[in-house]
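For clarity, chains are labelled A, B, C and D in written order, and residue numbers in each chain start from 1.
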Amino acid sequence: MAAQIKSLNEECGVFGVWGDPHAVELTHLGLHTLQHRGQEGAGIVGRTPAGLRRHYGFGLVSQVFAHPEDLQALRGPAALGHVRYSTAGGRILENIQPLLFRFADGAVALAHNGNLTNAMSLRAKLEASGAIFQSTSDTEVLMHLLRRSPKPTFVEQLKEALTQVHGGFAFALLTEQGLYAACDPQGFRPLVVGQLPSGGYVVCSETAALTAVGAELIKDIAPGELISITDQGLNSQAYTDKTQLAVCSMEFVYFARPDSEIHGVNVHQARVAMGRQLAKEQPAEADIVVGVPNSSLSAALGYAQASGIPYELGLVKSQYVARTFIQPTQALRERSVRMKLSVLKATVAGKRVVLVDDSIVRGTTAKQIVQLLKEAGAKSVHLRIASPPLRFPCFYGIDIQTTKELFAANHSVAEMKRILGVDSLGFLSVQGLEDSVGLQTTAPHRGLCVAYFTGQYPTPLDDYAANLHDELACLSMDLSEVNA
Amino acid sequence: MAAQIKSLNEECGVFGVWGDPHAVELTHLGLHTLQHRGQEGAGIVGRTPAGLRRHYGFGLVSQVFAHPEDLQALRGPAALGHVRYSTAGGRILENIQPLLFRFADGAVALAHNGNLTNAMSLRAKLEASGAIFQSTSDTEVLMHLLRRSPKPTFVEQLKEALTQVHGGFAFALLTEQGLYAACDPQGFRPLVVGQLPSGGYVVCSETAALTAVGAELIKDIAPGELISITDQGLNSQAYTDKTQLAVCSMEFVYFARPDSEIHGVNVHQARVAMGRQLAKEQPAEADIVVGVPNSSLSAALGYAQASGIPYELGLVKSQYVARTFIQPTQALRERSVRMKLSVLKATVAGKRVVLVDDSIVRGTTAKQIVQLLKEAGAKSVHLRIASPPLRFPCFYGIDIQTTKELFAANHSVAEMKRILGVDSLGFLSVQGLEDSVGLQTTAPHRGLCVAYFTGQYPTPLDDYAANLHDELACLSMDLSEVNA
Amino acid sequence: MAAQIKSLNEECGVFGVWGDPHAVELTHLGLHTLQHRGQEGAGIVGRTPAGLRRHYGFGLVSQVFAHPEDLQALRGPAALGHVRYSTAGGRILENIQPLLFRFADGAVALAHNGNLTNAMSLRAKLEASGAIFQSTSDTEVLMHLLRRSPKPTFVEQLKEALTQVHGGFAFALLTEQGLYAACDPQGFRPLVVGQLPSGGYVVCSETAALTAVGAELIKDIAPGELISITDQGLNSQAYTDKTQLAVCSMEFVYFARPDSEIHGVNVHQARVAMGRQLAKEQPAEADIVVGVPNSSLSAALGYAQASGIPYELGLVKSQYVARTFIQPTQALRERSVRMKLSVLKATVAGKRVVLVDDSIVRGTTAKQIVQLLKEAGAKSVHLRIASPPLRFPCFYGIDIQTTKELFAANHSVAEMKRILGVDSLGFLSVQGLEDSVGLQTTAPHRGLCVAYFTGQYPTPLDDYAANLHDELACLSMDLSEVNA
Amino acid sequence: MAAQIKSLNEECGVFGVWGDPHAVELTHLGLHTLQHRGQEGAGIVGRTPAGLRRHYGFGLVSQVFAHPEDLQALRGPAALGHVRYSTAGGRILENIQPLLFRFADGAVALAHNGNLTNAMSLRAKLEASGAIFQSTSDTEVLMHLLRRSPKPTFVEQLKEALTQVHGGFAFALLTEQGLYAACDPQGFRPLVVGQLPSGGYVVCSETAALTAVGAELIKDIAPGELISITDQGLNSQAYTDKTQLAVCSMEFVYFARPDSEIHGVNVHQARVAMGRQLAKEQPAEADIVVGVPNSSLSAALGYAQASGIPYELGLVKSQYVARTFIQPTQALRERSVRMKLSVLKATVAGKRVVLVDDSIVRGTTAKQIVQLLKEAGAKSVHLRIASPPLRFPCFYGIDIQTTKELFAANHSVAEMKRILGVDSLGFLSVQGLEDSVGLQTTAPHRGLCVAYFTGQYPTPLDDYAANLHDELACLSMDLSEVNA
């Protein structure tokens, strides 16, 4: 579903190329493919004959790069691009990435997807010793740590900096000498490297972007791994050996494109498996299965396959998702939502409907859809969520940093059923989710991070720890209870 | 599929409101819902306290109305809007609709969907007697005829003008006194009227736009019908009694939204029926059925249902369809196409695929998709087209005015199969199409226009007749043969 | 002074080229030179290999032609351009000139400077017989008359049309066959023709624009003259022989550039002569002479020369005249005016100042300047106006169509002196003005139109006659009295 | 003359307000008044209820602040603004000022006019210890020094930082606590403080901007002085006592507005005095005196007064200075220059002309003007320059950092006369310049910096010293010789 409707937002997409004469054009195409990962702003740094040059701004890739000259000015054999979604308050131009740092000894571009759990304390410490930050994002901390490292080479400085930041991160850096990419020790955020027909290399957030530019996947960057790509080729090393895979499960549930593969698992197929498993765990008596377009169609297909209930097209999503002006009346505001999503009355009228959605965040959209279905004559609506209830914040790069707005953190299943106005409500189990994805690993939770469902975080929470404790107290929850 | 990929384009969407304080805002929402009918330009005329005022420009509705003040300047109790797709050469601002005519005795706004077959000869005659046209579109002819009519009232002048124009048309006019809407005598182009909760009226191209603004359908405007809406309410009359229903079948096949209903038939359900019928007429041995998103998903679902072959998600369409710059190399151009449509390799690899598309125009997109599927490892591709072969031009409002580029007009089925690289190829029959739509009427072809398939046009072609004759001669076709 | 401050506005500048490969670029330069004649909008029509093409919009020439491609699309061997100032209410895109009419038998571009006195009645008559106007400007009337003329050739149709319109006009028309230019029978509005080094021809409003593009003046287009420029060269003919020169005297007083020549008289020198004559007619005891920049500097120089009082720089006009936002308080609004014009305190403090201004329209600007001078310490301010009191409307192309706002129409000299807060006030006499300009002619008023000073109009006022009569009655004026 | 024509460019204008509810609107007006000091970019930081907020961009003030909301978002009781001209290469958005630094303990905005001679070495040292710069301008160095200062208060940190930077500078800083302004120890660059009717304070580059917003001058900020303005009022202190006045003489010659006063001397009157002195030092036999508009009109007036030769208007400068596109041919490029400046043929034809210009930088513009005058029929042209020959670079804030392009550094007076095509050529003497300005001081050169004329720099040149030595060697000049 569109970012405008749902409050769950990925914090970025990264795309870099080294060693291809069309590096900038390929990065432009790649960012289009990753546009679903961030719509607030975009930027590209190109390695031109005159050094690293940047073009960036607010809006979609097609808005930021509105004129051919915007790309031409960046042309060269290497480039790094970024699409950004930001949290409220951080909407300043200085936060649009890649950040570009110009030093007497050369420039460095930096792009990031994720969230650092100790960024605030690191920044406070750095500022106390005279550091000046140009952005308000956590990303910039890495560069200050790198520049203050006494190590003799850029790569060693970078390795030292990477060991000092905590949380979920996928960093990409571009200099005149090379393209560098690194994953956090849990591999929370996806990052892959591929090769172009020209022999050039691509580093990006999802394999779908590799495919879009005609590159072949070389590998998923591993937890704790640092990749260096220079004119001498690709070099890999571990900057830490304290790693344990914990891929963000919401990438499989909602964020990633269905045509991407994460650690060998196709996202669409994982979603079909979730839908199948959901049908087993939460069966329903119904005439048709309808998915919320577009992210829930795979799970709906799986539910239909496993349950034998016919898959149907019951909701139509507008192809032209437009930001609409604030409407003068409540009635107009509601119609504005309907403009984005409409019910196929002919399909649902008189039918018992299984409505499959990938997740519930605040519950408002689900409530509206249920209401639309009922108005269109659905006899009953059985809501099935292809993931467990979202009850805890994420600190590794998804924009849920408070439990206050989480529907499932504040209501029991019975309450949710009543509020949403559905005839029945069922969620996928955590175990079901883990089995459906089925990563090949011996790591806990089969290599997934399921903290937003269980409250069990794979790493210390650093600057957020106190805050989380207070919030949960406020909800009269405690971790032992919820995880029982 | 997106207009950028396919060469088949509808020539417009119309949306008007009378008698609601939020007429302009509703028209804005309505145009968003009709955006698929035209992306070249948009405009709204509002009935403000200072008279009719217009805002218009090139681009999507969200681009033309980029600032809240663009709408504010138009506010009032009535409005008329339009989205436009234009043919090459006509890309001048003066052609963006609604056209606005300012007379000493009041202003008139005019919006049109369709194509007039005698516009050129009427225009020549009018110019010879001193008329000056401000646009190069056929639409403006109506206003000149109206203004030269000696009849005493606006409605009578309009009626007289309507009897002079031929072809396919859905006109809407707004004055300070009323909102007027009329359909051609065959009802080629859809036009409906509905009512808002406020009591106000809406006239628009598709019922989905009624739903989007919370209006209830009153009726499809009938062939030869003229609707007048004033502060005294809605009045209907026939401007001619020589009518015979011949709805453009491509509205059902491709153009209209799945959640619209045309003369009582839901478009999605008509497409499912076409898919079902196609499975019967053109069966295939295969493992999965894949539809080309988004317009062919309904037909694919029908094919899967009737054939028993599982429906699968095999192609992913980018949510962010962006105009891309002209790419410097052929390889980049191809990647640019892949950015818009990608294959779900995990779904199709090793499978025998039934690929369902709604129609074939030039064949280039189908060829690319087939190639993508084969590259992704599809064992075989059986292409099934949910409509008959497009072999003749349309002169009633679809942008196919030449047979030269029509794939099926220039090649036999065997040749097409070879060129596309498919393992088998099958089209829906004309009879099958007519039965699938199933309009309740005794008109020929069950009330559909199927001229682009058969070459049998429901009306004289006027200014186009000679031209068509030449083209067919050129193709060594003649109508008797092709319709045998 | 800037158009933003003063309410006296010329209604346009015209610039056309025929027969030069850089016709469009030259027209662009020429319009920049004529920018002082209109800042609301601009446009150029170029004769491209694909026919006449237009680019136009609101704003300064540099804003309308903001990208090199805006000009490139128009390139060819002929062009016609226009800069426009419009009266309130007419601010619609359709009024930006050149108007471009596309006929089956070829396109015609039309640009105009002036005002037609019988446009309203002609338009009413034309509309009654079915004509449709695309703009609300009077200019378009000419084209309708031309197209309805039964004459066999374009030039004869144009001649017939020219005899039907009354008032002040300088028309330029561009077709694929030629560039045409015509003046009204009194020659109210200036229009000249010149020749480029390339042999090509230029038609434009002022000689300064000829100089700017390197063209030599051939001649001022005479009252009642029609110039036709084709590939066969320049042809001149009279479309009427009822002519009598009455050049708008405000062109000499205020509008035209100082480096332009009108009917052989340099504008700067005419202004110096006005200043000299003013010193004789209205002497003053003072220490310095200060002119209001920039239009009054020439007259101030003449006053200083004739009086022997030193010329000084007492007012500084901002080089960057910017439209400023509406300011929230009165104090801010006043400061906003001071930003555009400031006093050189060091020059005026303790001095008796002769302040020379070219004219007084509403009196508000003069009042502000006087106040600024007094605040800066001027001992006394003797205001001298280098033209007679403006008391009557103009109907030939200057934006004074009502006497209500004319300061001198509503107050005696004594009242004006008191309101403005000056120590003395003197105007140039009508005779003095006529002698200062000194056109070589036997026409009344030495070939000038002085109607805004005397109320004696050189032509019937047609559609405006009744209106003027009412206004004067309202002011308790009658023509015999004021001209006594 | 316009920045587009002449290569001499001031590097900025500064305007700040503390303690007025309309601080942002006043800053906007003030920047318009200072627009002549920089046209590349502009910015304003406002102290809003939500902290310091910034709006900035490339272009004129009217272009950067194109919508009312651009100002509204900054509203509050204090603001700091800047207009910038930059040297080639530095044209990146990050360099547009005020720079805004966001710290955990509060934000700081920084605006600067001048040039630091030891910025490069300071930056190298800071980067070596881990500092990261966001811009490439020298301005940012101050903030890094300030943040690394161990002093306990902001003001003490700022004082320490000010003693470490060398060269010419006028800094203004805004925090939530106050507005701060400081001048370099020589007072190279002007900076004044004034008071508004509201009691609020203004700090800005020129007194003309005080006048524009209705503020009264309190004082010129003295060499080595630091002004602190807080809610407790204005506080002044010396951050160093090693000061000696050396105001940039080019401020009097060319940069500053004629209505500004610097250290008690009105700029217009200083220019008139220069013109008078020039007439004494370099008399000419001639019929008229013509100044190059607009900056040389004051000196021309002085020359006319002292010589008794009549002052005349001989050159007209276009009011609408527009950036023009690169023209396809040399002829068009030349016409493009003429568009900006044209000769009043009627004034100069047949006359012996004294042409007064304020300075000669590269000589190209002067050459063009002389040619225009000769073409217009001037019998002879006697060029008089109201300043001494520019032969040495400036390192204190004027954009002449190389002697290679300086006309007078590369040619003798005789050669210059021949190249320019004038009948005689004369410059003002250094002594004449110093006496004409006549600052009340016992400092060397009567308190002026005349280094660009003499090569004697008032301070060590730090990072530029080696470079200058090489350049002079290259020109076969040495300081002892040129100053002999």
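Observations
Criterion: a residue touches a chain if its C-beta (ideal position, glycine included) is under 8 Å from a C-beta of that chain, and two chains touch if they have at least 3 such contacts.
Source: prediction; values computed, not measured.
Annotation of chain A and chain D: not jointly contacted by any chain, touch as defined at the top.
Work out the mean CA point of chain B and of chain C, and you get 50 Å between them. The distance from the centre of chain B to the centre of chain D, each centre being the mean of the chain's C-alpha atoms, comes to 62 Å. Centre-to-centre separation of chain C and chain D, using mean CA positions: 37 Å.
Within chain C, not a single residue touches two or more of the remaining chains.
Under the stated contact rule, the graph of chain-to-chain touches is a ring, a single cycle where every chain has exactly two partners. Residues of chain D touching chain A in their complex: 92-94, 101-105, 123-124, 127, 130-134, 136, 143-144, 147-148.
Interface residues of chain C, counted against chain D in their complex, comprise 2, 22, 25-26, 29, 32-33, 35-36, 60-62, 68, 71, 197, 208, 211-214, 257-259, 261, 266, 268-269, 294, 297-298, 301, 305, 310-313, 316, 318-329, 331-332, 334-336, 338-339, 342-347.
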